[in-house]
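A short write-up of the structure that comes next.
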Amino acid sequence: MSLADIPVIQGVASSLTGNAPILLREIAEHLRRLLDCGETAAIDLQALPLTPADRAWLRERLGNGEIRVALEAEGQSTLEETGCQGVWWVTHHNEKGAVVSEFIETAFVPELVKAHPDDVQSGLEHLELLISDLC
Amino acid sequence: MQGPLIDTLARYGVSRRSFLKYCATLASMMALPPSAGRAMAEAMAAAPAAAKRPSVIWLPFQECTGCTESITRSHSPSIEGMIFDMVSLDYQETLMAAAGHQAEEALHNAMKENEGKYLLIVDGSVPLGLDGAYSCIAGKSNLEALKEVAKGAAAIVAMGSCAAYGGIPKANPNPTGAVSVSDVIKDKPIINIPGCPPIPVVMTGVLAHFLTFGSLPEMDKLGRPKAFYGETIHDRCYRRPFYDQGKFAKTFDDEGARKGWCLFELGCKGPVTYNACATVKWNGGTSWPVESGHGCLGCSEPDFWDGGGFYKALSMPADPLKVVAGAVAVGAAAGVAVSFANRAKKSGAKGGHETTTLADLEK
Amino acid sequence: MSATLEKGVRVLKEVIDAPIASYFNSCVHCGLCAEACLFYTETGDPKYTPIHKLEPLRRVYEQEYTLLGRLKKLAGLSKPVTDAELGEWQELVYNSCTLCGRCSVVCPVGNDIVYMVRKLREGMSASGNAPDGIKGAVNRTVTIGSPMGVKLPAVKAQMKHVEEDYGIPIPLDAEGAEYMVMLSSMEIINFPEYLGAIAKIMQQAGKTWTLCSTAFEATNAGMQIGNSDLARVIVSRIVDGAEKLKVKTVISPECGHAYTALRWEGANLIGRPFTFQVKHIIEVLGEFQEQGLLKTEGFETDKLTFHDPCQLARRGGVIQPQRNLMKMVAKNFVEMPDPGFINWCCGGGGGASAIEEGEELRIEAFKKKKSQLDAVKPDRLVTACANCRIVLEEGLEHYQMDIPVVGLTEMIAEHIPEKGA
Amino acid sequence: MNEMQFLTWVRGTGLNIAVGIFLLGVIWRLIEIYSLGRKKDLSAPRNVPGASGWHTVFRRSMPPKDMGMVKKSPVSYIGGYVFHIGLAVVVFLFAPHIKFIESVVGLSWPGLPSQFVDLVAVITIAAMVVVLADRINKPVKRYLSTFEDWFTWTVTFLPVLTGWMAVQHLLLPYTTMLALHILSVEILLVVLPFTKLFHAFTVWGSRYYNGAVNGHKGVAV
């Protein structure tokens, strides 16, 4: 018997549980708070009992927005705006490409995207160095 | 968020965003709310960089080196590595270049130089049988070695189920008289990181905590860090919805198994096992036992080896019911004996019957 | 003068059987039987809860027939049944129980409570703890021949009266007759119309029948007191008479307990099946009606209702015939609340009416009947048991209710056309 | 003894002891009770359809017809039904219980979703509290009650409560609560044959006898 004879059905190991639709309400609540008092929030998807099918359902419902940020830092991270503006789908991968954590963030811009003043300072210093080199 | 750690990391070429990402992931792994990731990043970044790296002594007793394997596999050249690089591993038989007298010397130097400050990591159980003769290093029994090294330690980490509870060496009938570290040492803070093997990130998490705050993290009553052992596998399992719906795999190759249904009936010990496998996963987040189709063995719980069988559902008897035939026989014998006595009594009462006459109605 | 506690307990040991053991083990103390017992519902006193009335029997069972009970008894951990206790229980086992059997119908675990009360009475009587009133009735039945002390000459006198009034001969000791008719002494003394009614009915039906000089009294106080030995003495007279006269059927009169004693207990008392059939007069009338042997004319027009004697209906299985007969002669027949199988007792069955000191309780319990009658407001009350009739009349009088009580058989007979008319 | 050892003990040795005493007790008590026998009824039977022991075994599961008993004692009936049916659902239709039964006797059947069983457990607990309150309040029930009544209520209540609390993760860690749950069931098994709880077995015999005795007279009780 070869390996191929073992009847493993890929992807079937996940059917809808009904937990995803509930999340939509929670996201809506977070968005309301973002509008009312600017409070950002994040939902840790790995902390919830969701099957891959649930996640796919959620991803599909939320849809795709206009912005897709790719972050290269100890493996790739993607921060994708969903069809609902203000709702971001954040996926962190490790160097091997495996997903290490996954969040849904509600923010005007995710914190991670913004540059820290110290880093901007470093950037400025670097730029000034470049300029001084021109002279 | 700024501080010495960020600068250190920057020197190693690790960006601020990488560190934030790492902390967010660590928080997720530790089953903390997403906001805690940021808080942890702030705290760790602000922690003063140690002038001298804290010393760590690692003692192996009755063990299989699985725990060491597990930890070393977490060493991708990354932030975790950075955290490990922040300690000085002064004695670790498997990893150290030194051997023989040199190794012993390194151990004694480390103990002397860092007295009262070093962190002792132990993997493996301590045999008490035959005065500890079952396991000796450099002519010293594990018991002696543990007592000696523990004396000057700031804290002890019992790494793996053997060190934490006695583990497989202690399994029935426990031929070597194996005990856990906490059975021997009573006067030092001890943290247990059970598992067979334990999850690497738990070790880095505890180290990070020790480095950041100089103390051990909050523990449950089995001495385990609550962040990782606060909830059961079952409660965090992605197959939990199937349990709730009553959908169970009955064999390892049936329809239910292929559809990824709950493995409770195949003996999964998830409901009584406190560990983070379901969220942290193994091998760089690749998978974990339940995801690969096998029930949890409960390896992070005491005496998991004697828990009544890995493939028996938790609600099933741990031992086979041997008493049935005997009990039925004894019950039947008792019943028949009573019934004979009853019949004798009843026929006695009948035999003693005096026909009532009118006079017999009066007292 | 020889009744002792030991005798009582010995008799209880003799009568305890698997059903009783099963019943006591099944009781969960839910107390539903209380709701079915008119002595509880009318007084609200929990001591009248039927299952509680069996406490001495339960303890004897537990102490004698269960291993744990035996061990507890050996260790001195169980409370033995005492004579004083049985004395105290007299009120519960006799005065406040008419053996109506309603409790046995409601028990959710299926306990036949009245079955057990009947058995407990065996021990009560053998230990000398039966009420004096019933003892007197038993005494008169065994020595004189009837609980009210009626002797054969009184019956003969009655026969003569009836023969004169109706012009129908009353056969006595006629061998080979189809039916042997039994009487209750109440009918001989209080309701002589009964005998005349039987004569008219038998004549119309063209059936042969007879009275028996050695067995005219049907009631069995021995069964009411709960003593099988004495009940056997009484029932044997009837069996002997019926077998001597070679009758096919013995007709139990309008008396509930007489029917139970003869129809259901008789064969068991004498230890062999009867060679004849036993029927209640209502059953016989019902059969005649079905066979077209009973023809009536005219109707009662006032409002009538029917009181089901417990031993006839719930305890005897005769429920429909009396209704068919009522409808045959009554235009305005109205059922009481809780009729037939679930009727409420008059309060004086099972020997209770013979207990003088139980009268106050009986009157209290009669409130149940009163409320049923208040709901219907009948002009007259019909029944088919002479004992019920007496108790009903007493109760109605006490509560100053002007409702005459009549026997069904007599009422039917009144509607039988005069021969040749 | 740590909690895992406790759990393993109740699943192993403890269960063996409890099941042993239970089986021994049931067999012994059944023989003790039914071997007393009864006399044959010599009177001529009146045969009426529906009047027999077997009919009564089933018929008695419903309140008697037209007697208004449910109105007179609603708590006994409604509370009684709810808690008996609730117990049956929780005991026999909860998947882990089915697995236990299967492992012991080899029979298995489909279970119900755990959320539903959970709801039933809550209702059962409520019903049992209500029947207890009724036992305390109703003069007749209070009058009849002995230590055994309070004791058997407790040993019946504890398995439901601990089982539900284990599933809900209340008060104690799941492992400990599960062990306590199994222990409480074992106590129930041990005392069942020797208390009024034995009605679970004798109720059928009692109904049969009552039905047979009265059915002989043509009365369908």
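Letters A, B, C and D mark the chains in the order given here, with residues in each chain numbered from 1 onward.
By definition in this document, contacts are C-beta pairs under 8 Å (C-beta built on N, C-alpha and C of every residue); 3 or more make two chains touch, one makes a residue touch a chain.
Note that this is a predicted model, so its numbers are computed, not measured.
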The chain pair with the larger count of contacting C-beta pairs, comparing B-C against A-B, is A-B
Taking the mean of all protein C-alpha atoms as the centre, the chain whose own C-alpha mean lies closest is D
Cα centre of chain A to Cα centre of chain D, whole Å, reads 54
Averaging C-alpha coordinates per chain, one finds the centres of chain B and chain C separated by a number of Å equal to 77
Separation of the C-alpha centres, chain A versus chain C, in whole Å, is 88
For the pair chain A and chain B, the C-alpha centroid-to-centroid distance in angstrom is 32
Among all residues of chain C, those touching at least two other chains are 16, 65-67
Multi-partner residues in chain D (2 or more other chains touched) are 28-29, 32, 35-36
A full list of chain pairs that touch reads A-B, B-C, B-D, C-D
The residues of chain C that touch chain B in their complex are 1-4, 7, 10-11, 13-14, 16, 64-67, 70, 83, 125-130, 135, 138-139, 142-143, 225, 227, 229-230
Chain B contacts chain A in the complex at 1-2, 6, 14-18, 20-22, 24-25, 27-29, 31, 33-35, 38, 76, 78-79, 236-238, 240-241, 245, 258-260, 279, 284-286
Given the complex, residues on chain C that touch chain D span 16-23, 25-32, 34-36, 40, 44, 46-47, 49, 51-52, 65-68, 104-112, 115, 263-268, 271-274, 277-278, 314-317, 338, 341-342
In the complex, the residues of chain B that touch chain C are 334, 338, 341-342, 345-346, 348-350, 352-363
Seen from chain D, its contact residues with chain C in the complex are 28-29, 32-39, 41-44, 46, 48, 51, 56-57, 60, 63-67, 69, 72-73, 76, 80, 138-146, 149, 194, 196, 198-199, 202-203, 205-211, 213-214, 216-219, 221
